[in-house]
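Next up: the structures, one after another.
Below, chain A partners chain B and then partners chain C, in two separate complexes.
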Partner chain A sequence: MVLIQLVNGLMEGMTLFLIASGLTLIFGVTRIINFAHGSFYMLGAFLTYELVPLIGPGTLWGFFAAVAVSAAAVSALGILFEMTALRRIYGKDGILQLIVTVALVLIIRDLVRMTWGANSVPVQMPDALMGALVVGDTYFPLFPIAIFAAGLTVVLAMIWVIYFTRAGILLRAGTDDRGMVALLGVNEKLIFTAVFAAGAFLAGLAGGLSAPYGEVNYLLDTTIIVSAFIVCVIGGLGNLYGALAGALVVGVTKAIGVMYFPRLSMVLIFLIMAAVLIARSLGRQGGPAR
Partner chain B sequence: MTGQDLKTWRAKVARATVSWRFVVPALAVVLAINWMASTSTSTMMTEIMIMALFASSLNLLMSFGHMVSFGHAAYFGLGAYGFTLAVVRGGVPPELALAVGPLVAALGGLVFGALCVRLTQIYFAMLTLACAQITYTVLFQWYDFTGGDTGITGFMIPRFGLSEKGYATAVLAVVTLCLLALWGIVKSPLGLSIRAVGQDRYRAEALGLGARRVQLVAFVIAAFFAGVAGTLYSVLHGAAFPDYAGLGITLDGLIMVVIGGLNSFAGGIWGAIIYELLATFVSKVIHEWELVLGLILLAICLAAPAGFAGVSARLRAMLGGIR
Partner chain C sequence: MLEKKNTVAAVVLAALATSAGAQDGPVKVGFAADLTGACAALSEDGLNGAKIAAEEINARGGILGRPVELIVRDTQTKPDEGAKVARELIAKDRIDVLTGVCSSAVMLAESAVSAELKVPFYAAIGSTQRANIELYQPYFWQVQANATMEAYAAAEYVAKKPEWKKISALGSDYEWGHTSVAAFTERLKELRPDIAFADPIYAKVGETAMAPYITATLAQQPDAVFAPLFGPSLGATLKQGQGFGFFQKTNLVTLMTVDTLQSQGVSMPADNVYGIARAPFFALEQSPEVTAFIETYRAAYGEYPTDWAINAYDGLNFYAAVAEKAGTVEADAIIAALPQVSFDGLREKGLTIRALDGQMNAPVYVGKAAKVEGYDFPILTEVEKFEGAPLMPAEDLILQAREAAR
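Up next, the complex of A and B:
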């Protein structure tokens, strides 16, 4: 039982990481905390719900194709938002930046409620992932394992892009010193837009991947963003590996905590966060926000 | 806000005084409306006044301490539940329990604040949000003690049996006193240090101020007044629900401050009035109120970042400057 919850926890941790990494990347370059990141996640889940029956219901490739298309659509929305709204408030008061993304949260939430109603929608799981993996006399559900693997693939791809491609060099340079990158003749605006698009893509991807395994409703945005924030605080904003560690810790603690303290698993996570903060008063490896 | 704006604003805060010429007629108008209007209008006015206090307590942190709390509803909720639980579980007489609510909120502010002020800016915002969500979750899930998601109702006669108009008058008195107290704090030496830390914490520290301690004091004060608001709200409805500590109330407060005008003491009050009126009338016409609100917010942030107070200040300047 503990082992099964461990698998579930790892899956949740992996999706949390996909979201938190997007938050962290966007923050690293633009210094904006995207409060609407949970909304991107939610949109990814709802779009997957719509696309799975269209593309290939029940099939493995149909599911993953639907998730990918959803994530791309969410990413396109992210680009639109970045170019029309965010671009105008870079470097302004941090409160204003937060409120702009909050406005997007409200807009997306009402649009989702208008389109899909207030009740949860069921997202079809691919048939191939319905079963369980039998080890000894324990049945591990296949779906969380597959999602964990898919998430891991994305993480590896992300690491490859960040550390071994030109885009990654620009991203890291932009995080370190935006002004310098611009001085060297790189189109700074393009970097900002690209990073925002990538972050939105990751959030949409996470939403789509975990959609069949939980409740998909219009309240998803705030639940997810709070968890993602906790992950970022534990891991330190702008720190990719910190986010990975934080996400897995939060996911596993939640899943296993539910078994022993069904009512207080969130409190448990809070205690971990408090411990981390007291141990390092600026978050794990995170410097003060500039 | 550009550097120049900030400088003039700082000078303005230092010079500003309560304009009795404005406050006294405003109070008279509120009393007159309350006297003449229907009971439902009185209830709405009561809610506006309570939210004005809540938004102003948040504004103390945001405009003056430059601390963006994303979890201020926690203290609103703690105020409501502190009062309610003292009556229901503690057997405290309701009149006495009125004092318990704000104190519980202040205590919550002390515990969470001690943790949150270790962080700055965006980390601070995220941690306050997390603290509020924990409070919400505990209120929501601890059935045996807090009644869980159904909340606590029917433990007292709403408004202590006062009429809607009577309670509105009582709330007006309490809220006015609290707002004057908040203004007094902003203008006091303590307020000066809160502003100093908010503007430049390193310089303030170099001058010998303990930045974290000042921020913690500000946080506890803000939590206390949010608790007063929560208690008043709980008495108004004779109930307490977990949603009082939820993200919705936090966002309401933040939006009020932004609509009313950041960096202005009156911003919280104007914001509460405008927001509540909009919410009441727009949601009657259009079902998708949040969508409209989101668009309004976007427009304010992109076009008029100083909110209502900023627009009205600009208008006054254009009209030749009354002050």
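Up next, the complex of A and C:
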């Protein structure tokens, strides 16, 4: 029983990480808190809903292709937003970030409502992932396990890019000292745009991957952004490993909490958050972002 | 000087126009609805149903010979905004009756405004029993079964399953979830003393990662799970439960209105889902009125009418019937006429309002979800209709609850 709850927690944690990693990546480099991150997630889910019936409906490759195309489309929107709006406010008053990104939240929400209506839309699950792995009397659902595997792949790919490629070196350098990187002749603007595009891609990816399992409606943006922020606060905003740890802590705490302290399970997560804030005001990992 | 005179004249004219309007102009229905926010989908359907009712009433000559006009405002599903909008509708638009609300919290806020400004207010979507019991006020009525009645109906249904001996509850962690579980448990204990109840489990409102709750519920090894969940949490439970063998191991008894059935589509579990509904169009007696309404609704909006649309339609037609009986739309006359009207609605004939709590003897439907030829979404089959009157909380219980609340 504990084992299943642990698996449940890890699986929810991985989805949370996919969302939070984009948020934390964008903040780490650009110092922008992107409130529209949840909206990118929601768009990823709705685009997947549209694309699944068009690309090999019911098949495994069709589903992942639909999700990838959706995430790419969301990423393109992210690039557009970064180039037209965010570029103008880097390094300026924090309130401007709030105004610009929340404006995008409201615009996307209204457009989604106008396009897809107020009801939840059903996203088809690939046939191969419908069932469960039955071990004795215990069911392990296939779909979240597959999402966990997909998330893990993304995590490994991110670590590889950030720590073992030239792009990653530039990115880390940009995080440490923007001015210096610019002095060395690296196009700083390009780094920022690329990071924002990657962050938006991750959000779109997370939205698409979770679409068949949760509920897809126009309120998804705010639901998800709150969870993402909790993860980031526990992990330290701007810290990728922190986000991973934070996401898994939130997922597992909730799952185990429901089992043993059903009345406290929600409070537990906030208690952890409060404890982290009191102990280390910069997040679980402490120190400045890297 | 000339300008000033003109202003005075305009004011006088406007005053005359208003007072004349109150008698001869349209009957104004203030639709303060939760058109954005968590309740948006339900409120939109309600508005669609009310629009058809208004058109039909106008086509047959209006209410007391006056046309009906719907004045629509958005409450954003926020209680303070709902109260503000209700005040504006009453003060500025001079509405004759207020309705449209979906969320329980907004409903109670609007009911308080209705009491204060003495304007009739009825609910056709929101259904908290608190509006009938503790926070009852004489200008209020509701035209669907309240939450307690629905929970009682679920208990009556479950009681008829002798093979179900252990029951769990999985509810949304707010007032509706908790009071529904309490009412269900209370009624079922009376009906079936042999049934064992596990500790209820509650998930936060709007939760969509239901896997841990599903696992915890299954760990109790229940024969059936009573689940007052709605919207996203319910949808997520239906989808995610399948991966845990939920619908092989136990049965789910939950709220299952037409919009939920539609949004589940192909992902509805094949078996063991039982739904409570308020006005499932496919299970109503297919009278000429019902089939005509379904056709009109489909022609206008391209989809089947949901429970919310049907109740909002019945609600406005009922108001029209009460106004005809009262011979006026004046508030106190409407309230006096309210319990005297026996109304034939789409759901059934002989619907009336009890004066004590403003509750209509509206029926509750419980059935088994299944895919049926002819619909591209699952519907409820083997539907059992529970008459409203026996489900209504007893009068002495209401008086006691009111006394306790005071």
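Operating definition for what follows: the second predicted complex is superposed on the first by the 266 of 290 C-alpha atoms of A that agree within 3 Å, B and C clash if a C-alpha of one lies under 4 Å from a C-alpha of the other, contacts with A are read in each partner's own complex, and residues count from 1 in each chain.
Operating definition for what follows: a contact is a pair of C-beta atoms (placed from the backbone, for glycine too) under 8 Å apart; a residue touches a chain by one contact, two chains touch by 3 or more.
In this text, all values refer to a predicted model and were calculated from it rather than measured experimentally.
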Touching partner for A:33 - first (chain B), second (chain C), both, neither: first
Which of chain B and chain C A:134 touches, first, second, both or neither: second
Touching partner for A:94 - first (chain B), second (chain C), both, neither: first
Partner chain in contact with A:266 - chain B first, chain C second, else both or neither: both
Touched partner set for A:143, first chain B, second chain C, both or neither: second
Touching partner for A:9 - first (chain B), second (chain C), both, neither: second
Chain C-contacting residues of chain A that also contact chain B: 113, 263, 266
Footprint of chain C on chain A - complex, ascending: 1, 4-5, 8-9, 11-12, 15, 113, 117-122, 124-125, 130-132, 134, 139-144, 212-215, 217-219, 223, 254-255, 257-259, 262-263, 265-266
Interfacial residue positions of chain B with respect to chain A in the complex: 1, 62, 68, 70, 115, 118-123, 125-127, 129-131, 133-134, 137-138, 141-142, 247, 251, 254-255, 258, 262, 288-291, 293-295, 297-298, 301-302, 305
Touching residues on chain A, where the partner in the complex is chain B: 27, 33, 85, 88-89, 92-96, 98-100, 102-107, 109-111, 113-114, 222, 226, 229-230, 232-233, 237, 263-264, 266-267, 270, 273-274, 277-278, 281-283, 286, 288-289
Contacting residues of chain C [partner chain A, same complex]: 36-38, 40-41, 44, 173, 199, 201-202, 204, 206, 208-209, 211-213, 215-216, 219, 231-232, 235-236, 239-240, 242-245, 259, 262-267
